[in-house]
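In what follows, subunit A forms one complex with subunit B and a second complex with subunit C.
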Partner chain A sequence: MTTDTIEDATPGSPPRKSGTPASDTTGWKWRRSEGLVLNAFSHVFLVVWALMVGLPLLWALWSSFKSSGDILSHPLSLPTHFHFDNWSHAWSKANMGRYFINTIIVVGFSTFGTMLFGSMAAYVLARFEFPGNRLIYLCFVAGMAFPVVMVLVPLFFVTTNLGIINTLPGLILVYIAYSLPFTVFFMTSFFRTLPTSVAEAALVDGASHTRTFFQIMVPMAKPGIISIGIFNVLGQWNQYLLPLVLNQGDTSKWVLTQGLADLAVQQGYQGDWGGLFAGLSIAMLPVLAVYIVFQRQVQAGLTAGALK
Partner chain B sequence: MATVTFDKATRIYPGGEKPAVDGLDIEVGDGEFLVLVGPSGCGKSTSLRMLAGLEDVNAGAIRIGERDVTHLPPKDRDIAMVFQNYALYPHMTVADNMGFALKIAGVNKAEIRKRVEEAAKILDLTEYLARKPKALSGGQRQRVAMGRAIVREPQVFLMDEPLSNLDAKLRVQTRTQIASLQRRLGVTTVYVTHDQVEAMTMGDRVAVLKDGLLQQVDSPRNMYDKPANLFVAGFIGSPAMNLIEVPIVDGGVKFGNALVNVERDAVQAAADKGDRTVTVGVRPEHFDIVNGESEGKSLSKDAPAGLAVTVNVVEELGADGYVYGSAKVGDEDKDVVIRVGGRAIPEKGSVLHVVPRAGETHVFATSSGERLSD
Partner chain C sequence: MRHGKYRFIIGFLAIPLALYGVLVISPFVQDFQISLTDWTGLTPDKHYIGFENYRKIIHNHLFWQSLWHNVLLLLIVPVVTLALGLFFAFMLNVGGRRKGSASVAGVWGSGGYKIIFFFPQVLSVAVIAILWQQIYNPDPDEGLLNVLLKGVGIGGQTWLGDPKLALACIMAVMVWANVGFYVVLFSAGMASIPTEIYEASLLDGANRSTTFFRVTLPLLADTVATGWVYMGIIAMDAFAYVQLMSVNDGGPNEKTDVVPLLLFKTAFRDNSQYGLAAAMGVAMLIVTLVFAALTLRLARRDRLEF
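After this line comes the complex of A and B, so read on.
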């Protein structure tokens, strides 16, 4: 009985709606107060969680404006005056600018490639019946379950033999292959939810399969493509293991994560903590920006399959 | 414009044994409006999709004009299709939706604009050309789907239950609009519906399908007057025809306490096949009420002539009314529907005596379902 009432109270007081009073007007005071307690509890929890996630980011950001001495002596204080030279130092001296551009090139091309090939494969798997369809789909699903650590050594030799080790195109290709399974898996189920008759209407209207895909199906699948695209951008931007193994040559080809690791080691010895935090912020901000800009589409994309 | 020919076209779905469409043989004339009608799962939509090129043809052929299109992709068939759910392109404006096919065909922009605007004018869509489909009502979306077909100026229109998503009133209104539009454009049209009223009101000819087999193709009038078999008789007409199994007696068939004259040959044909009974079909409006008066050919002098029907439910429609009653035929109770005048509605529970009007009865073989009377 008690469990019932608790379950009843929960949906009446969703944790997000803090400002609005409990909407049920049954007049059962005890039930309302129980809802309030739950509400307060869940909000405290959410606030604590937000602080745990947000504060370190903010701390890194404001520390990037402090001098190294300041960071060590007063680690939690706000910057007294802004040391922008940390940023310029990180950008030019620690080569973060170079790494930043490399990362943009790699992530840009690999995300584009992943989305292009992934959605094309997914469309075919979702919409066309042919022998082996199911098998190919299951191979992609199996690819998701396969830990990348296990293929690092073979991958190293494959890229070496192909002569694309320690090159950006090589890294791009590996990123694409690495991201395809989840992209195909996600997009296949997304394409399955779209009405078949629209594609048929395009065929009757005289469109080829290629045109139907690019001009009709892709725009219709936009929410899914954007959300999985952002997922790939985030994942590939933060990728460290693959570049560490496959891109260990010339430092001019390094990506941000490698540079940051290097900065952490080297600047640590030199005591340039400000520079390290500036480098961290450089790596972090674009991702944050992407997420803020596309936040709505991500939410739309995540729920798009649920309703019709 | 063009004719459309189904030449023993057959479709068997992969993994299935029984054909969804079995040897369909129909010839649609130039500019004709043919309606394919049947219960759900009868293969009518499949037939249409075969004609559109969205479904493979496993045997037989389909021709548009003289051209064999059996294995051509949809884009090479010069057809336009209106889908049940309209299948509009959600990310394009109404104008782009309607002009998409022309754009693909490489028509120049000014010409596309002109033709889209013409079609929009016909369909009363001019003010919505810049809107996206989601900002339109159901009826407007339906018209956009029609417009998309019209601007193509194709050889054949295909319509797959285009009215089934509209509300009842709009459906009746749009029904007439589509029919008159088709007459005006003179484009050969194949129209699929499960609604026999749509079939009767819109088509030049109606084709009835059941389980993938063509039952009858004829004008609505003939379909109504001379259904080829029991299925068509029961399917066409609303309310449905009364189909009552009656024993064969000398000189005709016994219908309650009345004798209905049926051609001797027809009864003989049934008797030769070993049937003891035939199924008599009488439409609700073809019953005459003969209460008390023994003008009919009464079999026994004591009882009043005709079939005694106990009234269960009366549907008053204003102009007329439908009486749903039950009658004892042989040893069984049969449901009977009778149309009565709007001013002469019987009480519930009362008993009517009815005889089928002479010359308006249909006789079918009980075993095969084939029509016996001519």
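After this line comes the complex of A and C, so read on.
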């Protein structure tokens, strides 16, 4: 829906009546030429911006195949022959492989947890009357407004006291907790839009509330769950501040963004620029590939929160 | 049945509420408490010292400078990003060649443009910041941007190393990273405006720019206001951009330092002054709330339902 243009959205706009007065036809022609100029202008600006976005990313990719000396002395040139060793260095020596797997583990569990717990809370808040309902909802929603950086110090000590600092499960729990506000906010309004009759029928037939939720409501809420799921996957995959503070310990537990930041500092000393660009590409390509395949869903998922 | 209902509610809320309470609400409350103490990493005990930390912040020149940088980001980055986003969204959706009877037409290939524009949105800020750090390489013969500029006869700059340019360089990257999101968002908003409204304005003799400023923009006001809040939050943060791109964490000469980075350095580097850092957190919260309240106040207007 988001990728539709106005024209596509309403194919059935009424046809123009024939036999319009002469004055209107000249106006029509004038507007037509205005349209052509605007059209040419549009494409020029749009192409320039597309190049400004696309070329830096392509540059990083093709630089990852060049030798470090080549990257510096001829920053613009295409690779003369392909240095795949940059990639293997980045993957094994710079540990990007390890960080990649850690990130998949963390994001996999935390997105699943966020969607499960977020939907459960949202369903209860959307569909059941009980004392404190409104207060709990407002508590979650207020969490969207305040900056995470504000609580860094106490969060550091809370996780230390719980013994979950510098561990992947700890990071997963923190990601879930900080993804809940938006997930609960969005899923609550989503559950409110779903019809109540199906769930009521299931209850009358003797299904428990829990069973009704998992077998009736979750499948009905699938579009919303997918949108917000994508939103959470990307947000958590790209998280930098939380792991920087809560996962500073053992490098074998780092996630991609930490590894990349470290790689940028290290290569500054070692001069292995090819390795840095290979590392950038390793972090960049999977996300871009997934995005290109699911671009409609991703665009819809990321803009869903801002539209309603 | 009634009993079952409450058991169900408690069962479903227990885990989410426990996680949220322990990891979000409790740190939030503790932040106020810690901000009133002299706690540092060097002493195991903390003593309540009232508002001493806040007094220190008010007299700290570096804090005000960092806050000023946040305010600059807050004023410039959202305006430029949203303006470019609206501009490109307009080009995509209304800039097309009119086909037959359609009153407005999307440009050819608008889906493709949107895919590319949206790229930075799916990338980590870490990737974006490090990539641009390389593009801004200050060496006149080795940096990509410098080599490109030399091609058109402009002398090399030190970019992030130049105290006057560094913050602007970071702002440019923030704009670059976020424009695509707003193009897609505003396009979706424009697509939801009924064509009859455009047709009416075209029949009344309005040209495209009038249509844009008098019809499209007012109808998109809500979406733009939401976008403003989003961009404001990004600008208030800016931690990852500055920490990864700037020389010496906020340099040169603290000319790019922002409050979140100052807080991070105060807490986890400079003698672990936890109390002082917590007070900065509270100050940030106040600034954010003022910003959000102002935006919502200014954006309040009558909704047009369609």
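By definition in this document, the second predicted complex is superposed on the first by the 259 of 308 C-alpha atoms of A that agree within 3 Å, B and C clash if a C-alpha of one lies under 4 Å from a C-alpha of the other, contacts with A are read in each partner's own complex, and residues count from 1 in each chain.
Please note the rule applied: a residue touches a chain if its C-beta (ideal position, glycine included) is under 8 Å from a C-beta of that chain, and two chains touch if they have at least 3 such contacts.
The structure displayed is predicted, hence computed values, not measured ones.
Asker: Between subunit B and subunit C, pick out the one touching the greater number of residues of subunit A.
Answerer: After superposition, C is the partner touching more of subunit A.
Asker: On the A-aligned overlay, A:L241 touches which partner chain: subunit B = first, subunit C = second, or both, or neither?
Answerer: second
Asker: Mind working out whether A:S197 is in touch with subunit B, subunit C, both or neither, as first, second, both or neither?
Answerer: In the superposition, A:S197 contacts subunit B only.
Asker: Contact-wise, after the overlay, does A:M284 reach subunit B, subunit C, both or neither (first, second, both, neither)?
Answerer: The second partner, subunit C, only.
Asker: Does the superposition put A:V174 against subunit B (first), subunit C (second), both, or neither?
Answerer: In the superposition, A:V174 touches subunit C alone.
Asker: Please work out whether A:I101 is in contact with subunit B alone, subunit C alone, both, or neither, and reply first, second, both or neither.
Answerer: In the superposed model, A:I101 contacts neither subunit B nor subunit C.
Asker: Name the contact category of A:A207: first (subunit B only), second (subunit C only), both, or neither.
Answerer: first
Asker: Once the structures are superposed on A, label A:P219 by its partner contacts, choosing first (subunit B), second (subunit C), both or neither.
Answerer: first
Asker: Kindly list the residues of subunit A that each of subunit B and subunit C touches, one partner per complex.
Answerer: Of subunit A, residues 208 contact subunit B in one complex and subunit C in the other.
Asker: Within the complex, which stretch of subunit A touches subunit C?
Answerer: 1-10, 13-16, 27, 31-32, 34-36, 38-39, 41-43, 45-46, 49-50, 52-54, 56-57, 59-60, 72-73, 75-76, 117-118, 120-121, 123-124, 128, 130, 136, 139-140, 143, 145-147, 149-159, 162, 173-174, 176-178, 180-181, 184, 208-210, 213, 234, 237-238, 240-241, 245, 256-257, 260-261, 264, 273, 276-277, 280, 283-284, 287-288, 290-292, 295, 298-299, 302-303, 306-307
Asker: What residues of subunit C sit close enough to touch subunit A in their complex?
Answerer: Where subunit C meets subunit A, its residues are 4-6, 8-9, 11-13, 15-17, 19-20, 22-28, 30-31, 34, 84, 87-88, 91-108, 110-111, 113-127, 130-135, 137, 139, 141-144, 147-148, 176, 179-181, 184-185, 187-195, 198-199, 202, 205, 207-208, 223, 226-227, 230, 233, 236-237, 239-240, 244, 260, 263-264, 267-268, 274, 277-278, 281-282, 284-285, 288-289, 292.
Asker: Which subunit B residues qualify as touching subunit A in the complex?
Answerer: Subunit B residues touching subunit A: 14, 52-54, 73-75, 79-81, 83-85, 87-91, 100-101, 104-105, 148, 152, 158.
Asker: Give the list of subunit A residues in touch with subunit B in this complex.
Answerer: 129, 195, 197-198, 200-208, 211, 216, 219-220, 222
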